[in-house]
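Each in structure tokens, the structures are laid out below.
Next come two complexes built around subunit A: one with subunit B, the other with subunit C.
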Partner chain A sequence: MREKGFLFSLDACLAVLVMMIALAGVARLEPWGRPGHGYLKLERSAQDALNALDGMGVTRYVIDCLNNKQVAEAGRAARENLISLLPPGVSFRYTVGAEDNLLLEVYRDNSENWRGRWENAGERALALHLTCEFIRTVENLDVLIWADDEQDRWFASQVIKPGWTYRMTGEENTFVAYLENRVEPDWYPDVVFLPDVSVYWSDNTLSTLVDYLTWKLVVGGREIGGGAVAGGETLWSNRRDPWRRLFGIPIWLSPYGQLLLMFGISPNPFSSDPGIDRVRGPGYGPYGERMELVDLTHYVTTGLPFTEVPYQGDTYYQYVYETSWVLEPWLRTLGRWENYENGGITWPGLLVREALANLGLPWFGITLRFMERTALFNVRMAQSSYDQGFDGLERERWVELVRRSIEWASRQKAELQPIVLYVWREGG
Partner chain B sequence: MSRGQVLTLDMFLALSLTALLLGYSGLAMEMVHARAREEVSRYSLERVASDAAEALVKAGGVPENWEDRPSSLQVLGLSRNSGLDLRKLAVLRDLCRSENWDPSREEVQAVMRLFGGQNFELRILTKNLLVRKDVKGLNYTLQTTIWGMEVYVRLENLGTTVRANVKLKSGGMERNETKQGRTFSMVVSLPPLTVEVVADGKTVGVWYEGVIWDIWPGWNLGGSPGWENSPEVAVARRSLYLTSGEVRNVVENRRHYGRPDPYTLPFLVKPGELGLFDWYVVLSPSSPNKPVTDVWVNRSGGNPDYHFPWDTLLPMWYHGQKGSQNPLTEADNGGNPNNYLTLKVTGSKWEYVDVLVVAVPRCSNPELAYQADLLLPGALEVRVWR
Partner chain C sequence: MKEKGFVLTGMALLLMLPALLLSSCLLAVMERGEEGIAVKATADRVSFTSRDVENLVRTMNLYHMQLDNVTLTGIGRTYERYTGLVVTLTLENSVVRLEVTDPGRTAKYSSTWTLEGG
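Moving on, here comes the complex of A and B:
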């Protein structure tokens, strides 16, 4: 019994010891672990910093810099402001663009092993913004420009953006040679820009341009054909085929008629009327006519800070078109003139036409489009914009619209890009 | 007997162990409860700080325009267009002055509700880049004054390493630190300014962070808010952008052409704003000492109130006192300007001056007036304690 009693006491001692250890363990336990508290703080910091960047105009500035290919300046602005905004000890990685195609990548310092530091960080978070402005990702936009006078050349110089490559000519043979890819084998235009063609082109030039616009074929990175952006003078200067009109032969059968169709013009494919006219002067409206942007959902007009575009129509012509009902499903009127009405409908001021067919065989890297995109402004853009009496701000509006149109017609259009801010505390 | 003795010994041991166990478990329970209480208390304090900071930076308060009639304040908020509303801040600052801080007032109770009592401190900070230099060929010295503090920065490339020396001097106090290395971070602090040097191997950046406004009940009496001796303190910090002052009117490019024509610059001081803000004329000249500029406040003749380059910062109204011969007025003028400046610029026509009328919250550092037209990156910090 003694041994039993002794053993029992020993058992009890051991049991009590175990229980005490357990109790001590419980007492030492963190009663309320708060996982995620640090994460929330970091996430708020990141979100605050992105909001503040927006409010201070830094995001806008970064986007402008990227659009002008000033990547280093964009990085400097983002880094310096983020260091100012984020709490001490917080590292960051700020990116603009999709992860597989970054337009900008900035760290707190010049560290290159951010991913390792991000993965080893004790607390980490990220905040995401979608840019409210377009960022133009046009890296290889090739533009062929027809410029036959000083105004055209000046206007083109205003329109061309850093990162674009262009060839400018006012000579027909050279123009045709570029369209046929006979000048530089490695350079072929994505888009043709015709501000105000004042030259009466040969049928051959017209045909070549029509051919260029009719078929767009991409095979394994090689391209044939493309889109176009034109001012009204281009179509007006090349009016022809009086004999067709005289004999009532459908004008669309001629290269000129086909060019009109490419831009969505002509009331009827079986009509002899080219459906184009021009007007100017006080009789057509008050001094300083304005084009009103009526469709702000298209790429060319989305997010613009203006909806009215002034034009000195007293001095320079405006061009009057009748749009083709056949092409109606592919046409969109983005701008209308407010100074003239015809049967209750104001003139189209800016027309864009989508490609009629778009076939793709992605496995073989082949794309085929019929009647590639075009944009038509029914004004003398270059001449008007060159005018000294034209206000700089108004000129800038035309330039912006043309740039957008060129990007859209080339399909190298800008896109909304994500801005992501990764933040973490160093040292785990 | 023997049985009885053994039993007694066993019982004694068992009872002892049981007593020990019970005692220990009671102690353990007490510890658990104490820790839980501490944690809950700590968490609730953090929550108060965090929620207060959230409300201050994300909302304008209830009603939205409470700053126009502070007695209507129900919920405090300092935000406008996702930035800091300077007028709301000025009103809050005024409310926290010792002579205005009366817990029986409704608006004071609204402030206390947000911070969970009177134990709070609200700090507005701004952090800016002073200079950033490439390490290559680095040999740079900067000597300047920031908010009345002398700042000396020396950066040198010593071959494989960079050496940075920072000296801060203000009111007889001095901080002097040096650091050397390829990559390092050095922080030198002398309230209210902190200078940070960051060398990352390729560049060296020097940043300064300063407390622009520090508000707590009775802040104008000086001293400290009193959290230093508290066992529980919680801080929440939120980033935002802010302006250090409000530009009421501005005229740019004033020059001396044929003759120094006087120019009148009208501006509005709304009712109650003389008590809320200090008012300055800020000159931004094309050269350090040119063009000569005379400024009259609410008059157009006699000896000028200010003469540039003799005066560089022109306080029209400071700490609730007039700073010019004719005082500013906040008399209602139907929403139209009720004060004006007369400016006369003399010198070469190539020299010009921009003139700004600036309001900064009362008793702020006068140098803030110089930055009033800038959007500054900053932070709002809420500190609460028990």
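Moving on, here comes the complex of A and C:
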């Protein structure tokens, strides 16, 4: 009997098997390195989760917690909500702040090896949300500016950042009234900015400023006192006390001497000499007029893309101050002038002084500081920056340093902060 | 002489030919599919980023925060650093122009709006 039909041999079975394997292999290939469906889902999960956090008010809550230094509570809120929003099996890293200065970093749990797992994750998606909530929250960064000429006003306008509120005056009575909170009950300066005071202040103005700097008291939401950022002209313009010199009265007993101390300058208690000088013009070295940043570990200087700050030294003075050895533990010289070639002597160009005492009673919402932070630039930066010979890059460097000094002296940072959510699949 | 071994018969060869054809077709289909996914992923990122930029600028304007070209350029740079997209944000006479593209120019979003109270 002759039978007809399809004969499915062992060979054919093997061939089908090979075919199946080949097809399965091809199906798993991602030969072009493009993201697959999995990545798309991950990215959408991250975006949706970030949007949901925003819509639920969690982002705002996290930022409020961070501003109140409640980092653990901020982390808890972010973690719990993200776990409920993201699909099971998806791990995450939630950060607030720039990568080199993170304010918050949260993973799925508190295990220590998350960093390594995040770095080694195969397919990782991210969603970014830039928030201005920090600027809104730091709405109490109030700056009182002394500006007695057009250059001061112009320079101050360059320095002021989004979110800062400021009052600018070049009139002594108004300046004192602001320091004593007699102008606007709801507005009180966190920091005083004195670019280049060219006016000879009265003793009353000096005393009021010294009082403002001496005690910083925070009770609940109310504040008294604050920090200051000044240009070197400020101290030079107000040098005084010849009559004290005549009678041998120590200069540190005068408001002017006390103001010098506030900025870390020695009033030289054993003589009536204020210990300050000023220089300008050529002959101060072959390097050009520039300040070199010598300490890049301070808040004011860290992470800056430059270490030299040019100055119109031929036209404007540099101020030479003798720093106080008594205040040495609280003083840091961040910048030095390069151009004084007298036996290799250089003098400070940028001095910052930390508060001498910082007492806090968090349970009662009370903070007390003695001699609040100050920063002193030994230059006439407003006039110099206004000069036509100065190009934008040089000006930007001074502006950046002053901004950071104001933030540091006020202890507040008003900036746009990135909130980033990274997600990945474990074992993926 | 008796030889032993696997012999690829004519039938098996005939079965393998469509397998090869199917494989090449599958590769082509996958390429198309992954291209589509890549475009979707890029478009998603561009769209999400654009909405975030718009919301941010509108919120800043709402709260009377300083908005100038320096600030807007800084905002654009921050987005670029994290997302890898090209974000151009400019302000001229209270009119904000936003353009977000990916470096491969696969997806592009652009919008223009006037700041309230500007």
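As a convention for this text, the second predicted complex is superposed on the first by the 262 of 428 C-alpha atoms of A that agree within 3 Å, B and C clash if a C-alpha of one lies under 4 Å from a C-alpha of the other, contacts with A are read in each partner's own complex, and residues count from 1 in each chain.
Following the convention adopted for this analysis, a contact is a pair of C-beta atoms (placed from the backbone, for glycine too) under 8 Å apart; a residue touches a chain by one contact, two chains touch by 3 or more.
Bear in mind that the values here come from a model prediction, so they are computed numbers and not experimental data.
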item: Which of subunit B and subunit C A:Leu126 touches, first, second, both or neither; value: second
item: Which of subunit B and subunit C A:Ala24 touches, first, second, both or neither; value: first
item: Which of subunit B and subunit C A:Arg44 touches, first, second, both or neither; value: both
item: Touching partner for A:Gly57 - first (subunit B), second (subunit C), both, neither; value: first
item: Which superposed partner A:Pro418 touches (first subunit B, second subunit C, both, neither); value: second
item: First, second, both or neither for A:Ile160, with subunit B first and subunit C second; value: second
item: Subunit B versus subunit C as contact partner of A:Val16, first or second or both or neither; value: both
item: Touched partner set for A:Leu253, first subunit B, second subunit C, both or neither; value: neither
item: Overlap of subunit C and subunit B interfaces on subunit A (superposed complexes); value: 9, 12, 16, 19, 23, 26-27, 29-32, 34, 44
item: Residues of subunit A touching subunit B in the complex; value: 1-2, 5, 8-9, 12-13, 16, 19-20, 23-24, 26-27, 29-32, 34, 41, 44-45, 48-49, 51-52, 54-57, 80-81, 83-88, 109-111
item: Footprint of subunit A on subunit B - complex, ascending; value: 2-3, 6-7, 9-10, 13-14, 17, 20-21, 24-25, 27-28, 31-32, 35-36, 39-40, 43, 50, 54, 57, 81-83, 126-129, 132, 183, 187, 196, 198, 200-203, 205, 207, 237-241, 375, 377-379
item: Residues of subunit C that touch subunit A when the two form their complex; value: 6-9, 11-13, 15-16, 18-20, 22-23, 26-27, 30-31, 34-35, 37-38, 40-41, 44-45, 48-49, 52-53, 56, 59-60, 63, 65-67, 71, 74-75, 78-79, 82-83
item: Touching residues (chain side subunit A, partner subunit C) in the complex; value: 7, 9, 11-12, 14-16, 18-19, 22-23, 26-27, 29-32, 34-37, 39-40, 43-44, 47, 126-132, 135-136, 160-163, 416, 418, 420
